[in-house]
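Take this structure first; my questions come after.
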Amino acid sequence: MYSPQIRKLIDLFSKFPTVGPRTAARFVFYLLRLPKEEIQELTSAISDLKEKVKLCEFCFKSFEGEGELCEICRDPRRDKSLICAIEKEIDLIPVERTKKYQGLYFVLVGTISTLKREDIKKIRAEELLERANKPEVKEIILALNPTTEGEATVLYLERLLKPLNKKITRLGRGLPVGAELEYADEETLSSALEGRK
Amino acid sequence: MYSPQIRKLIDLFSKFPTVGPRTAARFVFYLLRLPKEEIQELTSAISDLKEKVKLCEFCFKSFEGEGELCEICRDPRRDKSLICAIEKEIDLIPVERTKKYQGLYFVLVGTISTLKREDIKKIRAEELLERANKPEVKEIILALNPTTEGEATVLYLERLLKPLNKKITRLGRGLPVGAELEYADEETLSSALEGRK
Amino acid sequence: MYSPQIRKLIDLFSKFPTVGPRTAARFVFYLLRLPKEEIQELTSAISDLKEKVKLCEFCFKSFEGEGELCEICRDPRRDKSLICAIEKEIDLIPVERTKKYQGLYFVLVGTISTLKREDIKKIRAEELLERANKPEVKEIILALNPTTEGEATVLYLERLLKPLNKKITRLGRGLPVGAELEYADEETLSSALEGRK
Amino acid sequence: MYSPQIRKLIDLFSKFPTVGPRTAARFVFYLLRLPKEEIQELTSAISDLKEKVKLCEFCFKSFEGEGELCEICRDPRRDKSLICAIEKEIDLIPVERTKKYQGLYFVLVGTISTLKREDIKKIRAEELLERANKPEVKEIILALNPTTEGEATVLYLERLLKPLNKKITRLGRGLPVGAELEYADEETLSSALEGRK
């Protein structure tokens, strides 16, 4: 029912995360209403993205500007003995927001999407091993999601990093804020009981 | 926490319908992973959109190709005595899918978003009046959503079209497929009772 | 984990409509906290229910008091030429609330639960036929839910009532208040188009 | 619209946890359909409840049978040095299900409903203090829900129990199974970072 050009753009938007064909169609009709200058602004911003934005040579976080390290890796106040390995860049935001972590990061997948089982091969495992091997690094926190996929990846990385003989930790399991015992799963409640203090 | 270029694109995507800042961030990280050619393909498709896609001179539906009329208005098999006025182009799809309507359309707002009260002034009311005034037009179906805003617009359009002395109709109200009496609102059930047959 | 008496009552409450074992357990613990007099009040109210409440001889609605007819069937202001057949007694409430219906009712199943396919044999079809055959009855409205089961029952009842040569109607189909064309199913939208006025 | 007896029972059922008037009406119509013997069975089970079921003299869990202690408090294999204080009896079930806890319990409120702020006065705080003071008790786990109300109660109980100079613990906080960092709240993630191991 849509014309070829609209159809094409619906298909491209449908590949965006969380976007289905109906939402993609909404996007196209939204763009059809936009004045020419705003269309121009959007396409320039998209084109410039990959030119302006670089990935940090150490942690693979995206950044802009001079040099090869991102603003966190460059920051002299950050604790270089700690590496927090996260699945995807966006996971860095809640960790920073806690204001409880002052170490460095390492982005394992470099993608926004949640880790799938087949992605284990695609993660930057060798790169993490190499970073973790630096003499100043004392602890590697494997801050992956406590999902089946995240657990599998953690097991894989623990085995890989073991020969380094460094401290390898995982995020603590337990009851989250607002939880109710009545609805807690056995594994979470077991962790909460064991981790009582 | 995001660099300026990422921030900028997040802001632009946040204006897309149904997109909040978190989803906009996901879009940006998705684009960061895309190979250069796919970025190029996307920006071209967006740029070409407004050049290739025209609005039909009669019904304001988008279309591509030669001439000034869309494929529906050009179709000799469509019944030119009937105009179905819809809020936005996307509403045409469910009506076509019923295969029960063979007349023409008229897109009132030209936008994908749902009609808001302040939009009544922005709809193509004069253009509808002019189309409806054509001698071959015998009935105008005001197929707006049975929401408060849709109803207000229908009342406004009925008053506007009344002097033409043509048949002006609305979509039938009643119980939809799968409804349960127990949960039906009074207005819908009243319509269902009055419209019994 | 529960003691036998608690277990037993959980089982009994689990048979209540919409109640699962977890909610049933909540009910039992609620009762355990209740003072003796309130327990007494509840069990008396339950025991008295079937003694005090009768089913109307004409329409099978529940009622209390003298006589054999419910307050609606007894009401001289109600229009005896109209019978509105409903699946279950609770469906009478939304119809009454519309204040658009002044006829009589007929409760087909006498249950609160939604009609299932195997229930067709259990409905009061013969009784409806007998009521509908009365000379003063001019129209029978088959006000069943427009669900697959409701439709099947309506077809069955139409065939049964046809020999009476009386007006047999169904509730009007169409878009309910607040609906959006964009999300309407084909059947509902077809009805809305056909039922336009 | 309902007769007095039905109305009365709807009111009584509406006081049940999670039950609103509509569900209460469904319950009444369900009972109206039940054969007399099943009504009898239900009212007996309700009446017998408070006679057969006792509260344990130590932990206030409900139980049936001889003696003054529930089956857990009587069980010689349970570790008498540990008391796990829970908000309501039903919270005992997920803890038992973990098979990681072999101590005793203490039911603080004796109710199934979640603790409200005004309930702090109503909890069995003095009774807990008295149990905790027994020489064999070495640790009291305050296993309340990590909600605002639960936290407030834990603070209150910690202050109360402090003079005993015994180990007082809370359930560990952290990420539950299946959580995603991206959506974790700051407090939970802070706990997960601090509790890493």
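To keep things simple, chains are lettered A, B, C and D as they appear, and every chain counts its residues starting from 1.
What we mean here is this: contacts are C-beta pairs under 8 Å (C-beta built on N, C-alpha and C of every residue); 3 or more make two chains touch, one makes a residue touch a chain.
Keep in mind it's a predicted model, so treat the numbers as computed, not measured.
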Chains contacting each of chain A and chain D, listed by label: none
Most distant chain from chain A, judged by the mean position of its C-alpha atoms: C
Copies chain A and chain B touch via same or different residues, half shared test: same
Distance between chain centroids, defined by C-alpha means - chain A, chain B (Å): 38
Between chain C and chain A, distance of the C-alpha-averaged centres to the nearest whole Å: 53
Multi-partner residues of chain D (each touching 2 or more other chains): 90, 93
Category of the chain touch graph - line, ring, star, complete, other: ring
Interchain contacts, given as pairs of chains that touch: A-B, A-D, B-C, C-D
Residues of chain D that touch chain C when the two form their complex: 1, 3-6, 8-9, 12, 16-18, 23, 25-34, 36, 39-43, 45-50, 52-53, 62-65, 88-90, 92-93, 96, 110-113
In the complex, chain A residues that touch chain D: 86-87, 90-91, 93-95, 97-98, 100-101, 114, 141, 143, 145-147, 169-197
